[in-house]
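The data blocks that follow each hold one structure.
Both complexes shown next keep chain A, but they swap its partner, so chain B is in the first and chain C is in the second.
Presenting the complex of A and B:
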């Protein structure tokens, strides 16, 4: 079991905020950490890694990483870290990037193989695509066989095809190395695919914590098909009305009745929902 | 929005699929649903809803229909458009709106004061909110 208790005042763009979280993670879990920017996600990871000072109490199994009397240095914590911006050593080949962390050729070979980088191992980072760089970064994070793998939005800069491919590689690595993984993500499909637990932070507090389905499925009453949108227009057609609503990047039309129109105004944030029985998937 | 206050009287379920029976005024209603919110149990009072376009109308009907929800109602008013017809119905103390084609409305010769049956499929009925 990994026990985490953090209390730290953060000085953010929107004034001071208290990061105040207490939670346990079962070893081997894959936890997705989500929430608006500025909610404390990255700081939480940095505190776990020992990159940020704090009054935290962190214990991993029988080992205390941090408490009143102890504060293990970054390199003493069994942590692998991969960031959105890769942070590779540009003057080293891919293989050297891995070996720099731990001089274990066999492990490097295995990681390069899983991440399909074996043939590129003599290349320098500047000659790699974004997806390849992130693979190196993740492979490198595992070179010390860390107990905890921290991933800070590792895939958010990649296109969706590359993201899907790397998601499955991350899952393979997570299982193969039996790490506990904590990944910051904003992508519900990514969290659903990878994590067995989702934690949502808001203003430094945990506001939701549970299985991906419980946390991510937007429901309203018995409606399972539910989206937030902005009401753009209401048109009267015959005896009914048609509402145009912007949901994400798309516009949708919804038939509403006179009675429903009364409570709506163009510009309103609205929730559009229907039962799970009606939508058709093509 | 059509609103009906109803009380849960039975929940039948198998692997995430549920059929919920409600008591609403003098009528029994049924709803098809996936997993329910955790706060919905036997005897929970809820507000049910249904789109006006999902309510069909039967008049002088004899025979059997698969509609799980058959509500005896009286026509309060009719608004006949070029293609569609909006009908206000009185069902016990509740007012419901049904939208059907104008052709169907004239075929049934619907008029204010008519006693009709409002028909709602179990999959078209949903819970708008939990009341208590």
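Presenting the complex of A and C:
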């Protein structure tokens, strides 16, 4: 069991904010951490890693990492960390990046194999694509066989095909190395695919915590379909009104009544839902 | 033609660059990482030799190294080393004189390194020292090169401080710049021409090599 209790005042762009969270994680869990930017997600990861000072009580299994009397240095914590900007050592080849963490050739070979980097191992980071760099970064994070793997929006800079591919690699690695993984993400489908628990932060507090199904599925009551989107435009066509809503990457047209128009403004976040509906998926 | 003053100049510059590199590395690292309020003060002190007239620097160094000051007295009484009008004194004075030329490029270099890269090294279990030598320095080669070469060149080019602290003892403190000054004074223009032309040529080659090296490094890292 990993017990985490953190209290820290953050000086952000929107004034001071108190990061105040208490939660436990079962070992082997894959936790997705989400919330608006500035809600304290990255800071939380950095505190766990020991990169940021804080009033925290962190214990991992029987080991206390941090409390009133102890504060394990970042070097002593069993942590792997993948940064959003990869942060590879530019002066070392891919293989050396891994071996710098731990001089374990067999493990490096295995990780390079899983992440399909074996043929690129002699290359320097400047000659890799974004997806390849992030693979190296995740592989490097696992070279210490860490108890906790922290991923800070690892896939947010990648295109969707690459993202899907890396998601399955991350899942493979998480299972293979039996780490506890905490991943910051904004992508609901990504969280749903990978995590078995989702925590939502807002203004430094946990506002939602549970299974991905419970936290992420937006349908309430008897609705069958429900999508959240942004209202882009309301058009009047003859006697009806048509709203253009952006849902994810798609734009849809929805017929709305005059009464509904009164309560809506362009730019609103809206839910589009329907009941008694027999969809066809093809 | 006697080239001793040149040899002395280069010996002084090489020694100064070496000593300053060792001193400046921890100082520049500290300045690049600290959020302390003392930082601007330390930076201002470090930069002083750039703006001070060499005579001011020379005067204080001369005073501090002489037997009249505790420092000078300590060195002479304990080690029997006379610091003024000696090569050792020149090295000490040059270290003050050229300090900013070593610290500033190194500090800029450390500051240009992606912080996450350093943190990745700490997470990998590496100490600060290991991180500096294995990660930071190899990723800022142009800055290191600039720091060392410019310090070297600046020390070769110093004149006022050297004259005040060292005087002009042949083979001991008579460096190239002082020698040229004396040649002009004694109206030995031929020798002054040769020395000065040599000085320009060497300085140019040194600086050119820095810029060529940096351009090649930047191309390699795709900057």
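Quick note on the criterion: the second predicted complex is superposed on the first by the 237 of 282 C-alpha atoms of A that agree within 3 Å, B and C clash if a C-alpha of one lies under 4 Å from a C-alpha of the other, contacts with A are read in each partner's own complex, and residues count from 1 in each chain.
Everything below uses one rule, namely that a contact is a pair of C-beta atoms (placed from the backbone, for glycine too) under 8 Å apart; a residue touches a chain by one contact, two chains touch by 3 or more.
Note that the structure is a prediction, hence the values are computed from the model and not measured.
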item	value
Which of chain B and chain C A:13 touches, first, second, both or neither	neither
Winner by number of chain A residues touched, once chain B and chain C are compared	C
First (chain B), second (chain C), both or neither touched by A:81	second
First (chain B), second (chain C), both or neither touched by A:280	neither
On chain A, positions contacted by chain B and by chain C	none
Chain A residues touching chain B - in the complex, by the definition given at the top	219, 221-224, 238-240, 255, 257-260, 275-278
Complex contacts: residues of chain B adjacent to chain A	1, 31-34, 36-37, 46, 49, 51-53, 79-86, 97, 99, 123-124, 126-130
Partner chain C, residues of chain A touching it in the complex	49, 51, 74-77, 79-81, 83, 85, 87-91, 100-102, 126, 140-141, 143-144
Sites on chain C touched by chain A in the complex	114, 116-117, 119-127, 134-135, 138-139, 221-222
